[in-house]
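Notes follow once the structure below has been shown.
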Amino acid sequence: MNRAVDPRDLQVHADDGIAKGDVLLEVNNVSLRFGGVKAITDISFDILKGEIRAIIGPNGAGKTSMLNVINGFYTPQEGTITFRGVERRAMRTTDAARQGIARTFQNIALFKGMTTLDNIMTGRITLQTSNIFSQALWFGPAVREEIAHRQRVEEIIDFLEIQHIRKVPVGRLPYGLQKRVELGRALAAEPSLLLLDEPMAGMNLEEKEDMSRFILDVNSQFGTTIALIEHDMGVVMDISDRVVVLDYGRKIGDGTPDEVSKNQDVIDAYLGVPHE
Amino acid sequence: MLYREAGDFKSTYVADMQTFPIRGERLLFWVFVAGCFLIVPFLINDYWEKSIIIPFLVWSMIAIGLNILTGYCGQVSLGTGGFMAVGAFACYKLTTAFPDLNIIAIIVMSGFVTAGVGMLFGLPSLRIKGFYLAVATLAAQFFLVWFFNKFGWFYNYSASGQITAPERFLFGVAVTGPNAPPWATYLLCLSFVFVFAWVARNLTRGRLGRSWMAMRDMDIAAQIMGISPFSAKLSAFAISSFYVGMGGAMFFAVYLGAAEVTEAFSIDKSFDALFMIIIGGLGSILGSFLGAAFIVVFPVLLKNIMVGWLGWSTDLAAHLEIMTVGGLIIFFLIVEPHGLAQLWRLTKEKLRLWPFPY
Amino acid sequence: MTDAALARDEAETILAVNNVEVIYNHVILVLKGVSLSVPRGGIVALLGANGAGKTTTLKAISNLLRAERGEVTKGTIEFDGERIESSSPSDLVRRGCIQVMEGRHCFGHLTIEENLMTGAFTRRDGAANVKRDLDMVYGYFPRLKERRGSMAGYTSGGEQQMTAIGRALMSRPKMILLDEPSMGLAPQLVEEIFEIVKKLNEEQGVSILLAEQNTNIALRYAKYGYILESGRVVMDGEAKALRENEDVKEFYLGVGGEGRRSFKNVKHYKRRKRWLA
Amino acid sequence: MSPGFLYFLETVLNGLMTGVMYSLVALGFVLIFKASGIFNFSQGVMALFAALTLVGLQTGQVPFAHLINAIFGTDIHHFGWTLPAFVAIVGTLAVMVAFAYLFEKLVLKHLVNQEPIILFMATIGLAYFLEGFGDLMWGADIKTLDIGIPSGGSFWLEDVTREWATEGSDYFGMYIDKLDVVAALVAVVLVTVLMLFSQYTATGRALRAVADDHQAAMSVGISLRNIWVIVWSIAGFVALVAGIMWGAKSGVQFSLSLIALKALPVLILGGFTSIPGAIVGGLIIGVGEKLAELYIGPLVGGAIENWFAYVVALGFLLIRPQGLFGEKIIERV
Amino acid sequence: DLMVPSLSYRTGPYAPNGIPYADGFADYFTLLNERDGGINGVKVNVVECETGYNTEKGVECYESTKGQGALVYHPLSTGITYQLIPKATADGIPVHSMGYGRTSAADGSVFEWIFNYPGTYWDAASIIVKHISDQEGGDLNGKKLALVYHNSAYGKEPIRTLEELAKKHGYELTLLPVDHPGQEQKSQWLQIRRDRPDYVIMWGWGVMNQVAVQEAANIRYPMDHFIGVWWSGSENDVVPAGAGADGYKAIAFHAPGTDFPLFDDLKKHVVDAGKAAGDGSHVGEVLYNRGMYAAITVAEAIRKAQEMHDTKDITPAQMRDGMENSVIDEARWAELGLPGYAPTIKVTCSNHGGPGLGAIQQWNAETKTWSLVTDFMEADREVVDALIKEDSEAYAKENNITPRDCAS
């Protein structure tokens, strides 16, 4: 097989020149309103390179909106985001993706008409460069590139253990598998920051365990920084390094899982009972 | 058994990316293609050429084009007739302005001209979506037809605005004009359609195709994945129009030989093309062919049965024909909303499982 | 069984599913003979991994399958003593059986309040009663009251989930088919929702069939449970008994011999055990 | 006032009236789209079919006469009666309701929860079918529709406006077609009633719910079947009204079905889902295209109305992609 | 058998016009077959093919019938005619676009196989102008004429002629295009109402005619100053407008009505015998009579061809000769049972456009009848012939045709 392109070379974003433990992303005094609804009010926090950062909070607290701000889908009225040292308020989502921010969605947003394989391959579109003529004639660079990326995608498929559904249109898949494919698609972009919006909602324990494992592995093997929204406190407590808690658009807690779970505000607003 | 595969194991990705992964099917396909190129030219006569096969091939080309835009990229367009007109008039102007230019080059260049126009009219798609866009593309349809009808330069100031395709030769054989032998026009169209169907297949299975489909299935998610709507949508408009333009050029130069823009490229053409791809199957190259066959060949067949064999009066037959076509469209949609191509796939799947029902 | 016993049995079972088989698209066999029953006024949990067929079972009952090109090809379903395989979904709602669909399915272009009002579509008992129930729903979910005028399409995932449940309550059902009510809800709210379910069950005698991934909480509130694997019921029993079952403990509750496992330390290996393998 | 200005006013007025005529057709589209998310391509053919049926009933034509004669060798054409307009209208309505019922039963029922484009295609199939069916049933020749609606220019307006012109100019008054005025009145009543219906009744709410999500609507007990029969019946009624107005103008014949094309720009401008949008959109398009034809047309050789209407609509869409009054397109992840 | 294809349209937007025409065409041959046993003993086989006025279907019809020995094609649509001009020429089958199609086909030296007698659009335009001039006492200087036309190849045909004539007569011409299908003509008629042209000429077809007549009546335009081409002057066009249409005029190349002996035969042998193509309700309508007129030209050309080549079963090439030498003079019209029905037809090698005569007919809304109000008039040959020559020469050059020498 022609291996002009080594798939390992395609890991573009993972090495972003920021040392582990330094600030990768910083949110400064961000506020976001929709008409009269204040989704986010003056929130600041940071995400360090290489960590797993959880965002929790009651429903409607503004968690998803926060992710949307980070990847440019919403433009906050106030505040700035600093990613890899570059400060900004507004940005196009496509640019965010090119700079290495990938995400999954709360209400699954897979490409329903495409197979698992194609869905994950779309994750690599920003990394593909062959020109339209070689694509049209399906020769040389286009084929080589396709194969190289395909290899990488197959690795992800193996990693997520979804080999058997490779060629199945995702629309037919059960919810849990769709979530996994979505993760695969985000991983395929080889992001430096991975945003996960409730990756484990609607899964049973066994699947949550699998998913946790995947997240931890991605984090440790590729050094990918992860921001994660999740309502299962067990998962959050176990796998995250630091947690930020939102309520009604405000930040009410920030710290290690232990600190947060002992915070009385957090218990009142969110947990209901002290956890464990 | 035709469809028995010994497991779906492929050892290389190249093999896995093949268009026909099953060996028997691949073989069958090549036999079919060989038949089309080597045997049909000897059998074809004027009637089959002008009434069935050429229109079928030309419409297949157009349907593939529209399918790229609508089926793959999800942008419903009703401007096809207008874009066909662009192709036809580009072809006419090029042939008359450069009498020595090769007809193949002319058809391809007509495609490029149309691609440019298509991109222009594709711009609103960046903001307008769904049926709103579909209706908005009618602006292209009406405007282009008006435009070509209005300015005499396009039809070389002929008295009535008709354009007539002059005779052009390829390897010494006429391929346009009234004296072209059926096999020559047939081979010309077939080659075009074959090559560009293959190109379309390549485009749709690679990066570009995936970015189109992503746009189609969920545009916001696609953007968040880094796919720029600007380049995805506009490239779809451009390439789709490229095909439609070539189709329009062949429609005028090879099939009709003469055309008048308000009639030959009316809005009915836009609708016909859309019917084809929906009936055939959105997002399927095979579907484009099946749809074209259904819309082009089926009415002729019905007519021949009702008038030719049963001897019914022509108006009765025409009414029944259109009712039948309408009824069948609905019938097929109920049986399989994803078109004839999907029906074909499911049939194969069932055959493969046979005799086990599930 | 004697006639009398039969009659009694009928009175006690509000929903009986017998040996149901479901095929999608004429080719994909998903349910391979599922049987279950829900006693009047009971809460029954339907558990199982992703893709086991929980949603399909619920849709087979509420007759929403046809809209997905699915079909019940075998078996019978009885609700309230009558066969319902061929009655329309709206008929069923009128008779008191309503489903809360998985994944919210709110009407995006309607406001929250309008969404809730659509739940009362089949009711004929007057505006006042409907109004009272609306207040009841707002009582359960104060957050919804706050957002009552917003278009549902713009509200957060959890708000939509509350809307979907609230909407079902608006029809004053005898039986609710709940598909993954806890999905995407904050832990506090999950508890609340289950409390609401319990209250409905106890105070209004509403029967509940609950498809749920959160086995832990489902088995806490349900009285009886079925476990589905690949379209078959592989285990059923009293909730308590299920909770004690070693397999269930291991695979669904995550409590091994040494107490709760940490997600961090779970080894990555193929653990999927199949009862029927 | 100078004649130039009066001409301008006249153009605007006539544009408004034409716009109302377009709105009547657009209204049918809106109703069905609102209630089921279906872009009903066959609206124009429905108008034709309704008008054909009305004339057929009124003049006592034997349906399928041509077919019957061809098969049985008979020679029948007319029952020999003529019905009063009102009775014929009621009869036509009954036919349209029956049609709605059949279409639901035979087609829509099987296409629940399909993508919009599939349903769109089904309505195209219907358009084909109905076109052939209408011709077969009532014959393809041109028919005169006369149910006593006044038509022709209004003398009254001419007299009144003649006074307005500056002394000495040979202005001879403003023109308006009485038929258009009737159409405008009918349209206003229709829009008001339909708007109240859809905003303030439970059925209206259910309609909008169905358009959003078929399955969810079914799950809360809304009977898709009933809703669809109701809506298609109303749309049939609106089609009849449009058919009457346009048919009175140009005779009832196949071309009547092509008025749908004139309604499409109105539809996108006003918004697919908005009943008042259909009216406002119609007025804007009507005025826009008439002004364009009369003031820009001569500069570029005329006949620009058709595409100009679309360009106007497109212009508005670029500012509001969902049309002036359409439901906002929800973009959320 | 003598095979005569009839490309008809009984469906689609122009069906109301296509039906009577096709009926008239078919019924005349049925009459010949029934009454005379055909033409000189050979039966005529009319093969109808539905085009729906659609070009592609027209091509299909042509291809499917040409192999069966079709003698002559009457395409009955401008679009189809243009399709067939090169094809039929290559195949050696005559095309007769009777009063429509490509005007310059009247030049038989260039268009060997194409005929458009008894008159062309340019003839029609000049005759209409002549009629106007007659009404105005021969002086058109400073008059305003407006042309309302179908915005297509067909509708644009008279423009050049009218412009030439404007130069000659000094009138002012306003062009008012109407887009297909022509349901909405408010702008055009508002403009007419404002400009108050002295005469309005119309080149319309289908619903456009009805709407135009209705709108003209609505704005109370003097209907006798409103003149249509021969495709805008049938019952269909005026009946929907009711009384308002009274006085509307149109040019015609044959008489309307059933006031001729032939119609008695027709009633006896065809309609009453249950052999009519339609339900018989259209007999005598303008377009029915036109279809019949077309059939007569075919039948007469066949006779001529039979006579010239001394054979009964003629070929398309012989048919062409027959057409090229057709002569139907007044005596012959009378013999056919149609005295005074139409002026003499004479076709020659160089002139495929026939005599180019036309009369004006006028609608009486009360009696619902058309009647001729002028004699048959001659076109302005000077202007028209020059234009034809110019156009046919251009065509010949574009297509490398060396014109025949018709003198020998």
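For the reader, a short list of remarks on this structure follows.
Chains: A, B, C, D and E, in written order; residue numbering restarts at 1 for each.
The rule we apply is simple: a residue touches a chain if its C-beta (ideal position, glycine included) is under 8 Å from a C-beta of that chain, and two chains touch if they have at least 3 such contacts.
Per UniProt, the chains are A, C = ABC transporter ATP-binding protein; B, D = Branched-chain amino acid ABC transporter permease.
What you see is a predicted model, and the numbers here were worked out from it, not measured in a lab.
In summary, the chains found to touch both chain C and chain E are B, D. Between chain A and chain B, the least number of touching-chain steps is 1. Note on interfaces A-C and A-D: more C-beta pairs are in contact across A-C. Chain centres here are Cα means. That of chain D falls 35 Å from that of chain E. Rounded to a whole number, the gap between the C-alpha centres of chain A and chain E is 73 angstrom. In terms of their C-alpha centroids, the spacing between chain B and chain D amounts to 32 Å. In this assembly, the C-alpha centroid of chain B lies 48 Å from the C-alpha centroid of chain C. Across the assembly, chain D contributes 66, 132, 135, 140, 301, 303, 306, 332-333 as residues in contact with two or more other chains.
In chain C, the residues that touch at least two other chains are 28, 154. In chain B, 146, 220-221, 224, 313, 315, 318-319, 322 are the positions where the chain touches two or more neighbouring chains simultaneously. Across the whole structure, chains are in contact as follows: A-B, A-C, A-D, B-C, B-D, B-E, C-D, D-E. Listed in rising order, the residues of chain D touching chain A in the complex are 333.
Residue ranges of chain E in contact with chain D, taken from their complex: 10-13, 15-16, 19, 151, 175-179, 181-184, 186-188, 190-191, 193-194, 206-207, 210-211, 214, 217-220, 236, 239-240, 242, 244, 274, 279, 281.
Residues of chain C that touch chain B in their complex: 23, 25-29. Considering their complex, residues 112-113, 202, 205-206, 208-209, 211-226, 273, 327-328, 330, 332 of chain D touch chain C.
Across the interface of their complex, chain D is touched by residues 62, 64, 66-68, 88-94, 98-101, 105-110, 114-115, 117-122, 151, 153-154, 167-168, 171 of chain C.
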